[in-house]
Amino acid sequence: MITLFGVFLLTLLVITAFGIVRAQHLFVSVMLTGIFSLQMAAIFFILDAADVALTEAAVGAGVATVLMLSALALTENRERPTRPRWVPVIVVSATTLMVIYATFDKPLLGDPDAPVHQHVAPWYLENTPRLIDVPNVVTAILASFRGYDTLGELFVIFTAGIGVLFLMANPSKPGAVSLFAATEAEGLRHHLVPRVVGRLLVPFIVLFGLYVQFHGDYGPGGGFQAGALISAGVILYALVDGEGKALEAISPRFLRGMIAGGALLYVGVGIAGMLLGGNFLDYSVLAQDSIAGQHLGILLVEAGVGLTVTGTLLTVFHSFAARDQQER
Amino acid sequence: MEFLGLYNYWVFAILLMTGLYAVISRANLVKKLIGMSIFQSAVFLLYISMDKVEGGTAPIIQANAPDQLYSNPLPQVLILTAIVVGIATLSLGLAIVVRISEAYGTIEENEMREMDEE
Amino acid sequence: MYIAATTAILITMSLALARALLGPTVFDRVLAVNMFGTKTVLLLSVIAFLYGRPDFLDLALAYALINFIGVLAVLKFVQDYRVRHGATDIEH
Amino acid sequence: MMELLLDIASWFLLIIGGAFVFIGGVGALRMPDFYTRMHAASLTDTLGTILVLTGIILQAGLTLATIKLVAIMVFLLLTSPTAAYALANAARLSGLAPERELSNEKRP
């Protein structure tokens, strides 16, 4: 039965994707992207990937829509009508058919004998309780077994944050019209209902973010999800109470410190392992016995991830929201 | 019901090419970025479809059920980080589009090309 | 019984999607997104029980908390758009 | 006996809740203009949520899951009307008029 639900959702997903590409109005595309992300999260959940679904939820519902809208506010929200061109249609259709033809050799969905399930995955599932002793195998692999990967990904996020800062940091021209966040510098302050409810929810969102951060060893969660959730909470605060208040609460300097500090914390844990006589990112030597060391290492590394993700997403949001539109 | 076992992969193929179509056929830069993120989501779907094990559950080990089957945790780790990296790179792309729009006054590729040729 | 509720929610999702694709105004689409969000929260809660793993309710909780940020962003977008352009060509 | 009663109650709530959710969907699709559509969607959103989540709570019993479900319900009941308010406000600000009312007034 659940398979059928999955098939239904996947069909909706395809329809939504066509709608996104077809829409002339970019605002409509962005709204449909929101629906797309909700469907993806539900599908990930049905496919037994709770951690991934939580990530998609945290990123797609709060941060992505707001970022896209603030970018649209700075550019245009209407696409010029283009003539349908036949070469791309033909190329794309032919490739689709070829890829579909290729799938006939793939093992069916959920086949336990598929090659992917034979190689390293059983080892991880078998040895995580013995070597690391946290229930959530995804967190164990993310932070410990494949710590190098995650370090790399973290530095991609770090670099993207630095890139946005470089691109958007130049001072805007005097006399330019202030926009998105800066309308009367007030946020939604004269809308009483959103303001009250928004203010009420901000602490709960941040609290839930912290729960996801520190409960990540036992349930779905971890630094990536928590970072996205906490930045969604701060973005909500910026929306209801104005950009200035949010910047007062967490200053840009502090945010930049978070971006760099998180990455440094991650690398620092790795180097600490080396100094204590292990390998880079080997947490076993951090404490008296190796399991306690692993726990400590995972905690610190996830905290580093959370710091960098929160810092980057908020910095990006502030760079977009505080930017003035230049005279055209 | 047997043929539904490949349905996820067909949807993957269609989504992948829908995203590619938006990237290669549309002149609008924001639309291209949205197409890129559809492309990205298609890849996520492919990986997550492969992690499913029939009768399994999410890989959070339950101490009270020693014989429980679990889905494959490895694709989940890869995609989990990729989603957050995806939003970071998307924001970098949007920042570039905003700067282009400030420099040219448009985000349509063909109009920019005309301006460059003048 | 979970299956009946899930089916109802899924059908409602497709109705909301139809509204999002048909429009005609931008706000209809935003309404559809918001509806879709609420339905996703319900769907995730019901499926968590259908699967017998109620510890995955965290996901539904995350959506319940942050899903309306998007709508607030739209309100702000419209408000600023109006201040900036004085015009209302955001619909259609 | 108690078990059976709880089961029946929760099934009843789930089915009624599903029905309300579905009616809301039909309303959002079929109503003539934006404000009526919003009316249909937001009202049934609230009631359907209460019914479905209460139905699940009866199944869950007294566990951590119940606390999470109650939290989900409270947050949805807070955010969903807020979203409806924000949306109606945005539509009104941008000058979208309730269609029927206007056409009735114009009619002699």
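Letters A, B, C and D mark the chains as written, and numbering starts fresh at 1 in each.
The rule we apply is simple: contacts are C-beta pairs under 8 Å (C-beta built on N, C-alpha and C of every residue); 3 or more make two chains touch, one makes a residue touch a chain.
Keep in mind it's a predicted model, so treat the numbers as computed, not measured.
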item	value
Of A-B and A-C, pair with higher C-beta contact tally	A-B
Between chain C and chain A, distance of the C-alpha-averaged centres to the nearest whole Å	19
Whole-Å gap separating chain A and chain B, where each centre is the average of the chain's CA atoms	12
Whole-Å gap separating chain A and chain D, where each centre is the average of the chain's CA atoms	29
Distance from chain D to chain B - Cα centre to Cα centre, in angstrom	31
Contacts with two or more other chains, residues of chain C listed in rising order	13, 16, 30, 32, 51, 55-56, 58, 61, 65, 67, 72, 74-75, 77, 79, 81, 90
Where chain A touches two or more other chains at once, by residue number	50, 72, 188, 191, 194, 198, 201, 204, 219-220
Two or more partner chains touched - positions in chain D	75, 79, 82, 86, 89
Complete list of chain pairs which touch one another	A-B, A-C, A-D, B-C, C-D
Of all residues in chain B, those that touch chain C in their complex	57-58, 60
Residue ranges of chain A touching chain D (in the complex, touch as defined)	188, 191, 193-194, 197-198, 200-201, 204
Residues of chain C that touch chain D when the two form their complex	1-2, 4-5, 7-9, 11-13, 15-16, 18-19, 25, 27-28, 30-32, 34-35, 38-39, 41-42, 45-46, 49, 54-55, 57-58, 60-61, 64-65, 67-68, 71-72, 74-75, 77-79, 81-82, 88, 90-91
Chain A-facing residues of chain C, complex	3, 6, 10, 13-14, 16-17, 20-21, 23, 26, 29-30, 32-33, 36-37, 40, 43-44, 47, 50-51, 55-56, 58-59, 61-63, 65-67, 69-70, 72-77, 79-81, 83-84, 90, 92
In the complex with chain B, residue positions of chain C that touch it	51, 53, 55-56
